[in-house]
Amino acid sequence: MQTINQGLEEELFNYLVHSIEDTPYYQLLGVEVRLLASGSAELEVEVSQQHTNPLGAVHGGLYMSLADAAMGNAIRSLGIKAVTVDCTTSMIAAASIGEVIKAQGSLEKVGKNLIFASARVTAGEKILASSRGTFYRVGLIEINHGS
Amino acid sequence: MQTINQGLEEELFNYLVHSIEDTPYYQLLGVEVRLLASGSAELEVEVSQQHTNPLGAVHGGLYMSLADAAMGNAIRSLGIKAVTVDCTTSMIAAASIGEVIKAQGSLEKVGKNLIFASARVTAGEKILASSRGTFYRVGLIEINHGS
Amino acid sequence: MQTINQGLEEELFNYLVHSIEDTPYYQLLGVEVRLLASGSAELEVEVSQQHTNPLGAVHGGLYMSLADAAMGNAIRSLGIKAVTVDCTTSMIAAASIGEVIKAQGSLEKVGKNLIFASARVTAGEKILASSRGTFYRVGLIEINHGS
Amino acid sequence: MQTINQGLEEELFNYLVHSIEDTPYYQLLGVEVRLLASGSAELEVEVSQQHTNPLGAVHGGLYMSLADAAMGNAIRSLGIKAVTVDCTTSMIAAASIGEVIKAQGSLEKVGKNLIFASARVTAGEKILASSRGTFYRVGLIEINHGS
């Protein structure tokens, strides 16, 4: 997937795109990054059989994982490293196998220690899930300039 | 893994154990079932490299997925089919690669339509995450007696 | 306070305004209604000494009560009666004594049984709290035409 | 109400009891303290007409306020000052006018900066609401020995 850079510095953008591509949990679930902007991130997953629960529907864990990841990368787009403290998700509608679902993460407040974020998971116009997350800042992203 | 049956009818127990083994999302994450009792379920995952986030730590989505699954199976142990409505999780401590983490789901109220549940994710004595979930009942589990 | 009617039928609007004025818990906290629209409501409280906690700051219960009320009245603006199932609130910043704080409630999905809402509590431009709520529909508002 | 001291130092216990009695928001809602122990607190309210919402039922804000207060005082019983960051509540059943409802707050993890707590609101044997809260530590309680 070609990722859209909506105003990030080239170096941070490239770092984040590669870091997301290399993240094992994202690879496991099939998460890709569609867009990065300052304080905002859009991630996608193409829903498949492997994401289904005992009822044959998409497992809620996929929506929660994707929403958490979208909020986390919205924070990382500011060059900040943080960990999730609280994440709450309402499951509003179900996706179908084969649909591409998108999570858009954005930030409500970037405090000295705590960062408040929200995310919405959609398939086309349909809202699938709505999340809020609170994160704790642990440092700044350092981009290594390899020799 | 040998699953402990703490008082479920043999037929429901066997149905649930096989259904959990066959669930694609559980296979993807490595979720196994350790114990089923009436209104309670314990699931496990051995944490590995594939569960890690961009910081190299276990992704919060794993704890949330596991907690949601433990609550869902606590409900299924009563023969009830339900879908997650709301799930909220606090991330209290981080697991290490190689640890076996366990989620214990239990029920607070089984209403006509809504079911209120909670789950705790632990590694040994350490609490990693604490969740609450609200579920909506969609029917009863029907066990097919194949010919 | 003069309440703004943004497109509700006169009869429902008048009913809701009086019902809000007559609601004991709103009177206790000092909640007033500023605006009603279809699927949206704005409520206000002038923060005073009586809302403070043991630290002398505004008690979180005020933000949560106001957010819940704003979501509930956003639902009532559609002529629907519902009860709160889940409500989650992040406390982002603190209000000061004497400030007027406003909660704006809006709806994300109005389902057959479940309704998903959100609310933001602000003081001027400052976000104080952000909430999500899930509600269960219990019936329709019936307006009595007294003799 | 006579408050039970379950093992707190006399000085801290007395300080907390008076501080709770003097807290304006608690007075407004009718909150009283029944028990304080190390890391745990029980608060009570006698539900009355003044706590009711437009449907004539107890407003969810009362349960949320009481749960938040019980968690906050469970923290204060350790001599710690903290503010609420996130609070999530499931409304499980409704109280009746005239009932005494009790919130018991307890702690799951007391970290360097973040404290994770839970509370359950009950009327007799009946669970009315179940809450989780995350708090941020802001200092220690200092007991002034007035002249």
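Note that the chains take the letters A, B, C and D in the order they are written out, and that residue 1 is the start of every chain.
The definition used in the following text is that a residue touches a chain if its C-beta (ideal position, glycine included) is under 8 Å from a C-beta of that chain, and two chains touch if they have at least 3 such contacts.
Everything numeric here is computed off the predicted structure, so don't read it as measured data.
When the contact pairs of A-B are matched by residue number against A-C, A-D or C-D, over half are shared only with C-D. When the interfaces B-D and B-C are ranked by how many C-beta pairs touch across them, B-D comes first. Between chain B and chain D the centroid-to-centroid distance comes to 31 Å (mean Cα coordinates, whole Å). Taking the mean of the C-alpha atoms as each chain's centre, chain B and chain C sit 35 Å apart.
Counting only residues that touch two or more partner chains, chain C has 85-86, 88, 90, 134.
In the complex of the two chains, the chain B residues touching chain D come out as 86, 88, 90, 92-93, 108-109, 116, 118, 127, 130, 132, 134. Residue ranges on chain B touching chain A, taken from their complex, read 19-20, 23-25, 27-29, 49-55, 57, 59-62, 64-66, 68-69, 72, 76, 81, 83-91, 94, 138. The touching residues of chain B, when paired with chain C in their complex, are 85-86, 88, 113-114, 134, 136.
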